[in-house]
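Remarks on the structure that follows.
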Amino acid sequence: MSKNRLEAFSDGVIAILITIMVLELGTPEETSLESLRPLIPTFLSYLLSFIYLGIYWNNHHHLFQAVKRVDGRALWANLHLLFWLSLFPFTTAWVGEHPFTPLPTAVYGLVFLMAAIAYTILTRALLSLHGPDSFLATALGRDFKGWLSLATYAAAIPLAFIAAWISSALYVLVALIWLVPDSRIEKRLPTE
Amino acid sequence: MSKNRLEAFSDGVIAILITIMVLELGTPEETSLESLRPLIPTFLSYLLSFIYLGIYWNNHHHLFQAVKRVDGRALWANLHLLFWLSLFPFTTAWVGEHPFTPLPTAVYGLVFLMAAIAYTILTRALLSLHGPDSFLATALGRDFKGWLSLATYAAAIPLAFIAAWISSALYVLVALIWLVPDSRIEKRLPTE
Amino acid sequence: MSKNRLEAFSDGVIAILITIMVLELGTPEETSLESLRPLIPTFLSYLLSFIYLGIYWNNHHHLFQAVKRVDGRALWANLHLLFWLSLFPFTTAWVGEHPFTPLPTAVYGLVFLMAAIAYTILTRALLSLHGPDSFLATALGRDFKGWLSLATYAAAIPLAFIAAWISSALYVLVALIWLVPDSRIEKRLPTE
Amino acid sequence: MSKNRLEAFSDGVIAILITIMVLELGTPEETSLESLRPLIPTFLSYLLSFIYLGIYWNNHHHLFQAVKRVDGRALWANLHLLFWLSLFPFTTAWVGEHPFTPLPTAVYGLVFLMAAIAYTILTRALLSLHGPDSFLATALGRDFKGWLSLATYAAAIPLAFIAAWISSALYVLVALIWLVPDSRIEKRLPTE
């Protein structure tokens, strides 16, 4: 089964999510500088979620460069990932309206965690399809960044009930770790 | 006529529908765990509709793997399917706000039924274009799951006025039947 | 310049428009059959606009089957068409909330007229690029349906101020004329 | 790394932005001609932003015709551009509701400026990947229009606090400069 429609569909969903989030930035009633101030937390949570979705799109792009084919299991693993990504606008808006409050910060991180787990499942589904000696398996390697992110989310979610700003800082930290694109695959790709 | 734009357009519409539904999950005013509780039915109806749209996308993907060409009739049969899918956000939101009430539950199922009929019409249009000896005809076979789903919807809709929770359970059941991708086509596809 | 991105971009915009319109169908507060009744005009105007956008997508699809290349002028002629199509959700919602009232009915038709003019301009731009002896020119022929639609809109718009239901009937009539896909191009395409 | 998904993703985001903006054109409560009047500034700011997004899509299309490959840096430079474009619906709605007021006019221009800077960064990233003797480098040349636009925005933003209508006129002027597609690349492309 060809991977083209899976890529196109995922691009479509991520493109819509990345633009729909901005609708939460309701225009202020007034035109003063003060009227923009309450939007700052929403804007910052939007910026962070935009970067996260950018990272997912980027890594998805890199991952499927190394993928040769997909099967029904991979299609559903991919839809499972898209489901958790589709909750980003909801959690982004909630944490933006109530910055540094325990529950919204924890739920924001929980959706990050579930998306990261879904991405890992997708990777496993593709690996089992391509075999341990495939280019994909070599390129992915030990996936250090992936496990580090999972561990950080798992720590940040309970921390949100003690010090929500530390959790928020941890989310930013994970984004910084991933901002560098996944050079494992890029390095090993043959030059076109 | 090539099938590429039909696939791309359908991917676009389904990708938008799957992400637009989540906009109904309005963020709660408060940050307590109780403030999330009223969202649970909306979240569950969103989850079910997401799975249904995932199934349609998956089956559409499988179907068009076996399709060689399309004509004007197939284009309109496909648009007819997309029309009924486009009503998913409306029915999902209504049933989510009023879970287990007769009319919303029946209308939710009616749109599922109409989409299933539209999918069947699309299949017929493509079959008549490819002929009874085509790979498509062999791969589709007797379409047992399709007829079972139609019968289940037809039973669930009137049942909603007697016991709406049974109808809801039937919708979940149909989803479970289809969650396994349509292996009829996948099995018969030549390995790439 | 290749036509692929123009096709993909137009597919994206039309797919979004066709699904965004349904957001106007706000869910009723109640669950009675009566609570659905006020939605009927909005639903019917949505259905008509869905068919119009389906016709545009269909004809666009057929048109570009015959197109070999595009230039900057064609890109802008296409964007001009998309601009008028992008106003469909606005006019559809307005006429749906105020069915058979003069101004909304006239504005609904005005946007149809402007989109039809934009489509004609796009056709001219492509014709001048391909020349009078091209396959495109032969396939398009005298464009009888196009001119008939323009004349019908031009009549329906002022009529809206006298008898809005006649205008509405004329809009339905134009849709029926076009529901048959543009067989001029399909017939002449070589079998793939 | 292939450029196809980057193009498809950018097309998706721009297609969504261009159609989402129109949602700000809320339907009037009444059906009189007067009820449309308050929408005129919003409509005009929508028209201008539509043209700007059309210009970006057009130039992006032209740019990537000359691009042979992309790397991780180009992917992020492109996402950075899409981020600023994604703020267009917000600034368009704000300036449309408060036309010719200082702060909304300045913020409207600031987002134009940031998008223009992001486009320049994207161009640089692609140039450094293709080398100074590439077709891309020759085709882009000295980028006179780009620098003129940056300078005009930089002047229009502070001017908004003195005479907002001059700033608005300057934004229209930049659009007019760019409405002609970027013939630098088109002229030099080999005929297909």
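The first chain written gets the first letter, and so on, giving A, B, C and D; residue counts start at 1 in each chain.
In this section, a residue touches a chain if its C-beta (ideal position, glycine included) is under 8 Å from a C-beta of that chain, and two chains touch if they have at least 3 such contacts.
As the structure is a prediction and not an experimental result, all values here were calculated from the model.
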Q | Copy pair chain B, chain C: interface residue numbering same or different (half cut) | A | different
Q. Degrees of rotation, nearest 5, to put the Cα trace of chain C on chain D?
A. 90
Q. Measuring from the mean C-alpha position of chain A to the mean C-alpha position of chain D, what distance in angstrom results?
A. 26
Q | Between chain C and chain A, distance of the C-alpha-averaged centres to the nearest whole Å | A | 37
Q. Of all residues in chain A, which are in touch with two or more distinct other chains?
A. 8, 12, 16, 20, 23
Q: Note which residues of chain C are touching chain B in the complex, please.
A: 7-8, 11-12, 14-16, 18-20, 22-23, 25, 27-28, 31-33, 36, 47, 50, 54, 57-58, 61, 65, 179-181, 183, 186, 189, 192
**Q.** chain A to chain B touching residues, read off their complex
**A.** 1-2, 5-6, 8-9, 12-13, 16-17, 20, 23, 69, 71-72, 75-76, 79, 82-83, 86-87, 89-90, 93-94, 97-98, 101-104, 107
